[in-house]
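Before anything else, here's the structure in question.
To keep things simple, chains are lettered A, B, C, D and E as they appear, and every chain counts its residues starting from 1.
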């Protein structure tokens, strides 16, 4: 199983632990990730605010390179995945758009290379048994509130799971031996840029997420989007101060959990880089004798 | 040359506003054959028709061309008009210069006038070629078929039976009653639904002229008005109806329990069951999918306990073919499958239910004996939230139309909640409140004032569980702020859609249906209960969302129409049928497989052929069966087969009239 | 006799083209007929054209006059042929003889067909003798001299690589005058035609047919005929026509068009009666008309032996065999 | 060309003498070496006139229309195309199969009579166009068979290379090709009268009163005649090529018929007319799964 | 008379308007056209609707005759397969006109000039759209000379 790998800007900077854990997880699962040479930024939210053709052409160049290599593209970050998928659909659905894009990127792109969310690959393509088999250290003690965010599973054409009630991350965490909780804010927006631009509204949105996760009995949040992790992890302290609440809920990338379960060194996964201390829970999990007899 | 009279209608300003009618009348004077051409404000009005009759006499016209609205609307009117003046009805030809001209070319007046002239020219050319036709008579079988045994079907059957006609009601479910049997109270009078329905059901079952054919479906419909040969599949009940007295022993003894569809899966029924206590016929039927005997071959308790030996596992589906003169379709509606609205959490949260579930909860003979209890934990809910327009008025995910009845039954539900549960709070999310019937507005106001139901104008964006509460998040557009309500129970007022197999039934019978699969009436205003297929009538929600008063009114209307048809032993048929010119026909039989009504077959004729009498095959059209589609005329290479009123010559004349 | 090299023929035609609209026998779209002369035209001199020149004088569709209905009255408008003299070059004796037959029908016996007459008078003909008759030719048997055409304005002789010209009528001498410059005077005598493949002896046929209306041979003869109109439409002497009209709103054009006795509809009467209902009557009528009725009326056969009907008949029904059968019948 | 003439004469003589057949249809020599002509023998001694050579190209099936009311049987020699002509008449109910005794002959392919006229008798004369395209040299139906069958490997499908080549042309080129051809059409109706599929009692072109086609000869009316006849024989044409052979002005009529046959094969499934008499005709029925192009 | 461009351009300047004949089946397309009128959906005034009981009644010969008489485009429209009031009329229409369209294109008629569409009684917007599109297509093609009998 070989994929072209598109890390995207976040995974080379603020979301570095997402990149580290992705590579580790792929190594263990035997997924060969071929990083797209000189990939360019997918344009994320600013791209399609400025110009529609620009927002399609940017990811198209990366997809074109992957297509020349005959590979589908594995994309961890939700925003990059959404942009790339839109480009792929635009090219497949209209010949004129494809021609326009090909003129801009001066390459051929017929839409044969498919944009695939990393979560979709690991949770849906790879059988649960294969994952269980690879689990070295069951995640006893993890009660995760799986947070998909508003971009990963919507709209229907782009998403790979039920837009209202997605289950793929939940199933993955369960096959890693962890527990998940049923809570209402799975797909509610984390505020994206609001916490920085309109802080009171942004913090209110985050507070509601933490509140709902807390009520549901979760002791940590799991996400697949660097923007969401930023907001949930970095701003948890400010929200606690503003609303004088105590959450201290670590926020993981799902690839960190898979790495952890596969027995990879926590620091190799970047688990020590979180704002809300994650190592406490991690050590608890490692201590709990969930160790499996086998290696 | 035929003397043609041309009459251009202004239709008030509908045509006159765009088409220069006097000019068209003037130009028409020069068309070959036209001897009299005049325009008038309203041709279809009394003075307009008088004008035509006078002109026919004074100018001794052979043909009349009326340029006005669509023939689908006033062709019968003008045919009768010319007939009264002594001219053959089929000498009248119409040019549609309203729907096809003035209304659609409003901004291009002169082009529209030019087009009107062309259309009149075509009509004149065709009229000249028209031959006198007489309506033929075909026998009418004095028996009616009602498809669907809900309130509409029952009402139609009763009216037909009281008028002395024999009626068969075919009902898919084991008992008649339809959706109304599930309902508790009816708005706006709040009288109990069963109390007004069951007497009619009893009347229907005991009426000498009505036969109930329940647990059966229409398999095939052949023939035509007055002579519909309908094949009905009587599904195997596994109970011999003639022997069974409905004592109910078998039902009590039957071990296997199944979710009851009638109770909206809120409670159980047995594998051998009657859908509800007041079922008519009150004799059980075995649900073969869930009966252990049919699944594994063991059990058979019901047969053992039945003292009269009425249980018969070997029963097979039975096909009955009967001839009917008229068909009334009243197959009713179903609730819209709103699982597309994941955001309401239906199916995930048991306390999010639909209006019909609520009807069963408040129904005295329902699963909770009338006590409103939450399906999840059986507690009596305090805060009940109603969400209207679920699936209706939503082009993106649901249906584009308004389902008409939800506003009223949601108001009714709100009233009943406040009545039955003290200090309960009722919230209703709505876009608009539509109270278009007698006493409806007053009922709605009473719900708001006396029963202080909270009407919140806004849509609900999400329903999610928090603890054992259901948080309903929406917006209140009047206060323009977000709203969150902790509810104990949420009731969705889902849209009304036709039965899932409506389009299949329509294709079997040969009637039209619209994009939402509601059956298409002949004309929304002028013929709401008729269909384009003569002898087939519509009643109730199968034709569009409707409440009970309208369904009953439509049912009686449909019955009246059917009575009009069945009252005569013969009826006049459209003379527009195919006819064979035997001198040209060579008997090749290419036309025979074309006819969908099997109206053509080959017959042997004998004739003199140069001194010898010879016998040869020629095609023969059965005038009664032929419906005049004309597909056979194209298959006939030598033009021996022609369709009256749309003959090759007539159509060629119309085409030639266009030539430059 | 005045002579010109065949190679030089084009110059002759060019000079004539200044005076007349010249029509020449040529190959076109893998059939051959008389078409207006242009220099890229593929002229045929060694055999007769497949479609006879009769449509120059008696076109397949000939507009007669136009009518326009105005209110209740009607205006008539005559149609005149486009002006200008025509010159028909290379007409064979058999086709010239057919013109002779046409003249009898259209110009004699007290009735002049204006349409035909205008066309006939406006055409000057240069007949051409046949050096080698085609396989299906039998004009001599029909009393036609293949070397000397009847009624031609100029008689041309095929002298191998040269063509000899001899003015017959004064119209013809005018033509010769025009091209005199390009002609040289040479002593040459009229060549004798080659040997005919088809041998048939037609004399006495007309008289014999008088009593043969009910003869059984017509059954045999007509059995294989398909009753199509091919023979009548390529035959230079067939002149049956029908009159019809084309209606366009209030404008009507009356026209004359070829018809064929072979078609059933030709004799279809109002009320459905048809005096010639089956192909037996029609085939008999075709031969009787050519070999009996026409000679009775105009004492000349209505067949000039051009052989086109034999050439084109789908079932090879051969008039010469029919003549033989008539002669042998008792 | 194996000489069956003697066998033919013997068979015909037996049929007539035993009274099995009232008349025998065959070919006899015409006035020219290249012309044979149909002959109707009803006396045993006349069977000497029957011959079998490489010019017996006429399709004799059509003559059965004249024997519809003959009380007694008719013997008829049938090549491959003639036998399909018989099936055509039987399927169109114009011929009662019992009324005809079919004597089958395997056909080696007949010579082109028109070429023979041009090239003279001693040149080697090519095979007629209709025989070059022939796919059924052996009769598909017969009662008696003379000589041996060729069992030639029948080309699977009708050769429509000329049709495909025409289809590649531009609209104006195609129109110019067909109008120049049909401009010279004399409307002599030979193609109609020779066609076994044109077995109407009275053709619409013989009913000018109805107004389908005026008698005037111009390219527009000639095209109406050509297209209408092509549609009328659509799905029933047995590809015998007689229409093209008998056309007095050599119009390539089969180009139209073959186009319709190609389309029928493509649209409604392969169908060869005249192979049997029971199957439903392509235009005599429909299928729910017919290609949908009118949505 | 093969296509002569000169006459075609001459006619275009004389503000030629495309003339399109529409064969509409009474039960569906004619009713659809009525509904287009009822809903006041505007479309170009170049079509002339000829009512036939069923699209199955339309003989391909009418189409050729229309082109002979100088029409620039022909549309044959009927009910969607399965909706035919006579159950199977339009199935035959589909078979006949699948062949006819290809034959007309084969002899050189531009495909846009002869179209077939299924338009039901409820599809007023589709009727408007089909007519508008077809009129534009034919306007760009110019007047039709092919098959036209303009000898008179």
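The rule we apply is simple: contacts are C-beta pairs under 8 Å (C-beta built on N, C-alpha and C of every residue); 3 or more make two chains touch, one makes a residue touch a chain.
Just so you know, these numbers come straight off a predicted model, no measurement behind them.
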Item to check | Remaining touching clusters (ignoring subunit B, no chains moved) | outcome: A | C, D, E
Checklist outcome for this item: Outermost chain relative to subunit A, judged by CA means, is C
Item to check | Of B-D and B-C, pair with higher C-beta contact tally | outcome: B-D
Checklist outcome for this item: Averaging each chain's Cα atoms, the one nearest the global Cα mean turns out to be E
Next on the checklist: Averaging over Cα atoms per chain, report the distance between subunit D and subunit E in Å.
Outcome noted: 35
Checklist entry - Taking each chain's centre as the mean of its CA atoms, how far is subunit C from subunit D in angstrom? => result 31
Checklist outcome for this item: Cα centre of subunit C to Cα centre of subunit E, whole Å, reads 45
Next on the checklist: For subunit A versus subunit C, what separation do you get between their C-alpha means, in angstrom?
Outcome noted: 94
Next on the checklist: If a residue has to touch 2 or more other chains to count, which residues of subunit E qualify?
Outcome noted: 60, 65, 88, 92, 96, 151
Next on the checklist: Where in subunit B do residues touch two or more of the other chains?
Outcome noted: 583, 594, 635, 648, 652, 656, 659
Checklist entry - If you look at subunit D, which of its residues touch at least two other chains? => result 180, 202, 207, 212, 216, 218, 283
Checklist outcome for this item: Chain pairs satisfying touch are A-B, B-C, B-D, B-E, C-D, C-E, D-E
Item to check | Complex contact set, residues of subunit E against subunit C | outcome: 151-152
Item to check | subunit D to subunit B touching residues, read off their complex | outcome: 68-69, 92-94, 199-204, 207, 210-212, 232, 280-281, 283-285
Item to check | Complex contact set, residues of subunit E against subunit B | outcome: 17, 19, 21, 26-28, 30-31, 33-34, 36-38, 40-43, 45, 48-54, 56-60, 62, 65-66, 69-71, 82-89, 92-93, 96, 120-123, 128
Checklist outcome for this item: subunit E residues touching subunit D in their complex are 1-3, 60-61, 64-65, 68, 80-81, 88, 91-92, 94-110, 116-118, 146-151
Checklist entry - Can you list the subunit B residues touching subunit A in their complex? => result 342-343, 345, 348, 462, 464-467, 471
